[in-house]
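In the two assemblies presented below, chain A is common to both, partnered first by chain B and then by chain C.
Entry: the complex of A and B
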């Protein structure tokens, strides 16, 4: 269980990830803010607490691996990596500019700390399966973590991989679905209803849980339970809201991809700074 | 002395067993074709190193490529038709774009799918993959070359696709023949025309060359087993030295070996060219020989194309 201080620390990390993400997106002028925001707490728990990674040696062989299957949410992953020291924070201002190391979709050959290249939805979960299978075959004990989008689960490849991972008992694979209920064209329910995702993965043979994806303690507990599993892969369904933590995005009917002005950045950052001050007072 | 022919189906099992014995990183993936591909032998020898994914080619390809990030050398097999048509996006993203490793084998290309018919006769696999970057495309004409290819791709980091038929073929090469990736093999020299062929069409080209010799036409025959990158230097030399080229492939002429050769010819040394292959049609059931004849891919058809291309040399039209 996370201590009160650790919860505060991870909430602070979440707020810092949001600030850095919004700054990067406003410098670029627009971007996939909705999905970048909704997975922030999970990134904070993974990169702030759970994952064994080394920013000084991003290719260390025994590190845990991460696959951003919803590759378009790169900006908040980059913010988390920069805050962990994989590259200077200043790089975030080059998001989507020519010759940047930070393209909108995650690219292992461009960004220190990015383990797999994604962007074509449905593929990341197969990569995560390959990573977990390869690690086990090569005699390594590291974990592979993977975040999928909910809309991404429309892809047939996700379910091919779901069958495979259970069949091959990939218990060092821990995946998440960022179930923020919204995809590019509208609500998930209206476009291609996913129904009870937890039950679906359970019936595919996974150890499946559902947690509040904006509560770091619940995410952490879910991961701990998943790590305790043997002989089956784990799925954690994150109940989230698309755009969470960015009032501007939350106010839009659809916030998959939005223009972000400097004024909006300023308002959001001032608000996040106030939240950070409150959290720090709570710590003291 | 050229040894007795062995089916490619036997070779794939034996060759991968050899490679797996020598290199613990070798892992083999298949998509519910273990009993059809010849990999059963491998599965019996190394049950933990043959991952039968079930009928899910896209997941298999993405996963196999990603496993290389952990240090695995992944071989994956499915039918040629599905390797490209069902998996091009996974080959692109998980392997080529990611700069990871993948050794993909597509069996039964083109008319060699024979009685499996049109749905299974991948006439476009190489063409689909030809447009990707960071991939080497290969097609062996005989078992010696196929064995060499498997070893070579195992030892060379990167993304490879080998299309190969499973059925028995005639023998072409001696056991000690040396090959080089990206280099075609001149099987016989000639002055008047070059036939650049691949896979089963190499045998038709050799038969056509014999028929043409009887008519007093001197034919150079090249086994162009590497389609991408195609052997630019050899193509230019053939164009310059023989002044005309006929390509012969068990594939759609719109996007395959002929296109790759034409690209080099047009850019460097324009000479008359003719193309043997499948043009604007789907496959259908029938024996390989029947289909080669029906699709104008047999030796007689090559003879006709050679006569046409020679007629066009020096600006003359046939």
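Entry: the complex of A and C
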């Protein structure tokens, strides 16, 4: 279980990730803010507590791997990586510009700390499966974590991978679905209802849990339980809200991709700074 | 070491490679038997990764394995790889330049004999020719397929090896290496024209060159075994010795050998070109020899095209 201080620390990390993400997106002028925001707490738990990674040696062989299957949410991953020291924070201001190391979608060719290029939806989970299988050849020395979007679960390949991971008993694979209920054309329910995702993965042979995706303690507990599994892969359904932690995004009917002005950035950062101050007072 | 046909040749080479390189794994899309790789799986059960009938997932699983240091060979029907999993090959293997090897069987009209259009693939080379980082090997028989598989791991990046039905006629003697320069001259009868062939109709092209020789047309015949070669200088040198070239391939005339040679000729040494292959048509089910004849690959018909080519510009 996380201590109260650790929870505070990870909430602070989440707020810092949000600030850095909004700053990057406003520099670019627009971006996929909704999905970038909804997975922030999971990134904070992974990069702030769980994952064995070394910013000074991003290619270390025994590092844990991360696959951002919903590759369009790259900006908050970049913020987490920059805050962990994989590259200077200043790089975030080059998001999606010419010659950047931070393209809109995650790219292993360009970004230190990014293990897999993603962006075309429905495919990351198969690569994560390959990565988890690869761990076996190295004595199961690492875990592979993968975040999928809910909308991309429309893709048939996700379910090819769901079968494969169970068949191969990939217990060093821990996947998440960021179930924020929105995709480009509308709500997930309206576009292509996913039904009971937890039950679906269970029936595919996974150990499946459902947690509040904005509660770091629940995410952490979910990961700990998943790490305790043997002989089956784990799925953690993150109940989230698209745009969470950015009032501007939350106020839009659909916040998948939005313009972000400097004024909006200022308002959001001021609000996040106030939250950070409150949290710090709580720590003291 | 013994094998018959391109599929068995693949399997034997794979097994030999896995014996000396622990990074080699085989990714199957319910294609272990089709790839004649059962003996490999028996010898290396932990290196045999079965994905079931899911080519898209298979290619991305291979990408994941390669990103973690393994050298996966993905083997299944050529079109199920290059068409169904085309985006996976392009974006998740070729773009990050991952070390994945692909072996596509049933390639060509003859390669997919008796299976018909759904299992006969004459577009694979055209598709892959437009994707950067992919090296394309087109071995002409079993012996060259064996060598191509061995040669593929010398390249740190994606390689596609075109294989057939397993009933290809043997052309090359044992021990012939896979030509690094991307072609090998098999007949040098003279300078009347150059004939470039690729793939499993090579026996028919050789027969045609021999017939033409008797008729007084002195051709040089090259087997082109690497398409879109990044270092085509030697092939360009060869082209420069001629003013006519015929290309013969068991593939659509667009995108494969014909297109490759046309591009080199246009850019370096303009000359008269005839392309033989599938022209604006699909194939059909039938016996290999019967099909090859019906679609224009008889030695006599190849000779006819040469005569036509010899008339051009005169």
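Everything that follows uses one rule, which is that the second predicted complex is superposed on the first by the 282 of 284 C-alpha atoms of A that agree within 3 Å, B and C clash if a C-alpha of one lies under 4 Å from a C-alpha of the other, contacts with A are read in each partner's own complex, and residues count from 1 in each chain.
Rule of thumb we're sticking to: contacts are C-beta pairs under 8 Å (C-beta built on N, C-alpha and C of every residue); 3 or more make two chains touch, one makes a residue touch a chain.
What you see is a predicted model; the values in this text were computed from it and never measured.
Colleague: In the superposition on chain A, see if there is space for chain B and chain C together, and answer fit or clash.
Modeller: Because the two structures are overlaid on the shared chain, the partners are seen to clash.
Colleague: Between chain B (first) and chain C (second), which, if any, makes contact with A:140: first, second, both or neither?
Modeller: first
Colleague: So, A:68: does it touch chain B (first), chain C (second), both, or neither?
Modeller: Neither partner.
Colleague: Between chain B (first) and chain C (second), which, if any, makes contact with A:167: first, second, both or neither?
Modeller: After superposing on A, A:167 lies in contact with both chain B and chain C.
Colleague: Check the residue A:123 against both partner chains and state whether it touches chain B (first), chain C (second), both, or neither.
Modeller: Touch partners of A:123: chain B and chain C.
Colleague: May I ask you to decide whether A:115 touches chain B, chain C, both, or neither, giving the answer as first, second, both or neither?
Modeller: Once the two structures are laid over each other on A, A:115 reaches both partners.
Colleague: Applying the document's definition of touch, where does A:131 land relative to chain B and chain C: first, second, both, or neither?
Modeller: both
Colleague: Identify the residues of chain A that lie in both the chain B contact region and the chain C contact region.
Modeller: Touching chain B in the first complex and chain C in the second, residues 61, 65, 108-109, 115-117, 119-120, 123, 126-131, 133-135, 137-138, 156-157, 160-161, 163-164, 167-168 of chain A appear in both lists.
Colleague: Provide the residue numbers of chain A that touch chain B in the complex, in ascending order.
Modeller: For chain A paired with chain B, touching residues are 61, 65, 108-109, 115-120, 123, 126-131, 133-135, 137-138, 140, 156-157, 160-161, 163-164, 167-168.
Colleague: Give every residue of chain C touching chain A within the complex, in rising order.
Modeller: Result: residues 22, 25, 46, 49-52, 54, 56-57, 59-70, 72, 87-88, 91-92, 95-97 of chain C touch chain A.
Colleague: Can you list the residues on chain A that touch chain C in the complex?
Modeller: The touching residues are 61, 65, 67, 108-109, 115-117, 119-120, 123, 126-138, 156-157, 160-161, 163-164, 167-168.
Colleague: For the complex, which residues does chain B have touching chain A?
Modeller: 25, 27, 49, 51, 53-54, 56, 58-59, 62-72, 74, 89-90, 92-94, 97-99
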